[in-house]
Amino acid sequence: MKAVGARLPRYDGLGHVTGRTAYVDDVRVAGMLWTKALRSPHHFAAVRSVDTRKAEELAGVHAAVTHADVPKNLYGHLEALGVPADEPLLADGEVRYKGQPIAAVAAEDEATALAALDLIEVEYEEREPFFDVRKAFDPDAPRIHPWGPVYPHFGPHDHRRIRKGDVAAAFDRADLVVQGVYRPTAIEHCPVEPQTGLAVPEVHGRLTIYSCTQAMYFSMGVVAAHLEWPLNKLKFVGGTVGGGFGGKVDTATETICALLAIKSQRPVKWRWTREEEFLASSTRAPWHMEIADAVTSDGWIIGRRMLTLHDAGAYTRFSSYGLTKHSFHHTGAYTIPNLDFNGYVVYTNRVPTTAMRGFGVTSISFATEMQMNRIAKVLDLDPWEVRLKNANRVGDTSANWVALSDPSTVPVVQAAAKRVGVELKPEFRLMTKDRRSGDLLPDHLVEQLVSTDGGES
Amino acid sequence: MIKAPKGGKVVVKLTVNGIARDVESSPLTSLLHILREEVGLTSPKAGCQQGGCGACTVLVDGEPRRSCVLAVGGIDGSAVTTVEGLAPDGLLSPIQAAFYERYASQCGFCTPGFVVAGHALLARNPEPSREEILGALAGHMCRCTGYVKIVDAVEAAARGEVGEERVFPESRPEEPEVLVPGSPA
Amino acid sequence: MTTMAHEAEVLVPLSREEAIEAFGDGREVTVFAGGTILMPEIALGRLRPRRALLLAHAGLGDIRRSGGTFSIGAAVSVARIAEEAPEPLAALARHVGDYEIRGQATIGGNLCAPAGPSSPRGDLQAALLALGARVHSAGAGGERVDPVDDFLAAGGEGRLVLEVVVEEPVRASAQALARPHTHAYTALAVACAETAAGLRIAVAGAGPRARRCPSVEQAVANGASAADAAARVLDDVELQDDALASGWYRGKMLPLLVDRALASLSAGGDR
């Protein structure tokens, strides 16, 4: 272990500064074709027909694919975890977000591929799109997903539930209730490398796929599932990803390249434009969070009621997983013993949302921190002290009863205060993350503590 | 008058990294496409193809330019330099060495553009202020590093505070053993 | 069937005369100077020129100065404008793109830029209006000189810009909204110049092309304060929402920019 503690240069640093690092777009294969996709211009529409014949006849075009060419068109990113499939690789009968791919062509060059798109005939019937998650439960809200307005497969429920302690009693006891609504909006990953994939047909019918995915084995499984191929027919070559941040787990190009490569028997590359990135690539979700905290006048948060509406966009992808993580963390870095959390994955006609840096948790971190400031302001207390008082400590349990063995809230808040030149009162400066006792263990926090006899992990 | 008929090509004379090349192309094709697909230099990247991100930046007659929006017919006779041309004898240029030593690169996709722009800055302004560095690099986008280490690296290169790094380093006995040398890509 | 989507005939004139001859009456000719506006449109397949005219080698890249008169070739880069042209042209040029884009973009391209799909373009037009520039162009009917106001009003169709001629002003100032990033076009820019012909004020970003602000000019001529004159600017513009800014925001900021530009002018102008 000679490397531990040593200052090592990045092993790929020389490649980066000399331009030698190879990304998918830099792989050179003879006879490669370029791909362009026809994308829905409408937020929500029925697709009555798709005809690619004229596009296929254009000189220089080697293949075109629609949903009819996909052995298993409908897929769910979490199928391996038991979540049913809801998303078509290529649109079949309807489009649910602007930018959704309907067909793709492979041609000798990008210009020809673009010209081919103009020759694809599609009949749309526009429908009224739905964008406001707050209206999901209105009786007249348009139904855009066959499963209904929200994802229905959280066990027997149509929402993720966290129940802990006795929230009604907490709200009865409270000196004050502090409420806030927090609505962070969508964020684009915007990696400098756009989504890029290259599929190369090999002898014996195998495919080599050069992929910018962050999750190679996962993407390999997605492609195999769509093609209904055994995994050993695929060879995935990953490597340096030009920025992913969570957005390159969606297997955005590989399957369509594979289908075009199979049909044309030529290597096929698809490199998204920056416009496609902004229009059609998945984003971090917009969130709508409503928090009501039962607080005492001396700054204890004794109960939290929370409603989260997570905007999944048109399809589920990983949203149920993201919301579940969010629910586990909905008290932030603080210990709140009485909880009633309901979170919904809401379908809208936005582009489907996905993971991005701290999937599901950045939203609640933001909301909780804003809420802590609000509580401090309403109670006329110091916001640092409110945080330190309610901070996670050893032996506390999280919202979903995970025993906390080494929570860092206290030292981090203290370090932050020091960094910005805030002088904490001695009582707060001397706090530690040790197991609660004395003044730091009021009655309402006793029940949530993990037991001392062998309860800690 | 140079004329390329419908869909036709002309010969464009370029010197790329010191090597004279006759490129056959429509004059309207971008320099980026020519470099990547005809000449085979893949360091300039297609990050946006709108001139907005700087990943395609190369030197044209010594000046940094966005190759993705530069029609090759307009630079007939010019000298083009890419990152591959900055270390011709295997010794990294100061700007490359600085980026390498100071971790100014994470995914690396924006790095060739930044290195070329930084190199050009130091050629025209050997002692830039931090403000001037920011101004010169303002059009380049990095989504990974947060830019601080990039600016630090340019400052270090300007001050000459860089080691002598080679493109293919010899291993030194006191260095920890690296199990998988080189890029896996 | 064709194999190439953009089957352009491409002409690269090697002199001013060849450029004029190649342009002809301009029908179905797309002129490329720096390429910063048009090349992205080609990459996305939205622009498929029939005949493309590349001006890089046509000898239109000079700035000739005679006393206070500047004759600026259409292919002069925005970078050189920022260094060598009189105010307020230089100020607005410094506000375009970044170092690399300025080295490539041209005054001709900026003058002829139509509004973009989601943002205004051509903010140098405001400075040219403020300076009362004269546009030398070629096209149907031969070469002619137009005041830039008329050139912009006609939309520049069918004209090949050869030079733009401006007089150094007595005083000038410019104000523009800060851009979030160098790849963004300028949402709103104001240019003022005092020449022998009087005071001229123009705004870019409040309409498809830059325009004069006669209400403000009139108010100033009538002795109004900078703030009162500035308030009149809303009579001269049609404000729109786009990707850069809402019409509402522009409506709030424009009088402020005009006020500051006028105040700066009174204090001696930008240097």
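So that you can tell them apart, the chains are marked A, B and C in the order they are listed, and the count of residues begins at 1 in each.
Here, a residue touches a chain if its C-beta (ideal position, glycine included) is under 8 Å from a C-beta of that chain, and two chains touch if they have at least 3 such contacts.
Here the structure is a predicted model, which means the values were calculated and not measured.
**Q** Quick one: do these chains touch in a line, a ring, a star, all-to-all (complete), or other?
**A** complete
**Q** Once you count every C-beta pair in contact for both, which comes out on top, A-B or A-C?
**A** A-B
**Q** Taking each chain's centre as its mean C-alpha position, how far apart are subunit A and subunit B in Å?
**A** 33
**Q** Need the CA-centroid distance for the pair subunit A / subunit C, whole Å please.
**A** Result: the chain centres lie 43 Å from each other.
**Q** Would you please write down the residue numbers of subunit A that are in contact with two or more other chains?
**A** Those would be 273.
**Q** Find every residue in subunit B that makes contact with two or more other chains and list them.
**A** Residue numbers touching two or more other chains: 49-50, 52-53, 141.
**Q** Where does subunit C touch two or more other chains at once, residue-wise?
**A** As it turns out, subunit C has residues touching two or more other chains at 2-4, 6, 43-44.
**Q** For the complex, give me every residue of subunit B touching subunit A.
**A** Residues of subunit B touching subunit A: 36, 40-43, 45-50, 52-53, 55, 82-84, 87, 92, 96-97, 99-101, 103, 105, 107-112, 115, 141-144, 165, 167, 169, 176-178, 180-185.
**Q** Flag every residue of subunit A that touches subunit B in the complex, lowest number first.
**A** 2-3, 6, 8-23, 25-26, 28, 189-194, 239-243, 245, 271, 273-274
**Q** Give the list of subunit C residues in touch with subunit A in this complex.
**A** 1-6, 43-45
**Q** Across the complex, what residues on subunit A touch subunit C?
**A** Going through subunit A, the ones touching subunit C are 57-60, 108-112, 114-115, 117, 273, 275.
**Q** Which bits of subunit B are touching subunit C when the two form their complex?
**A** Going through subunit B, the ones touching subunit C are 1-8, 10, 26-28, 30, 49-54, 57, 63-66, 68-71, 73-76, 117, 135-136, 138-141.
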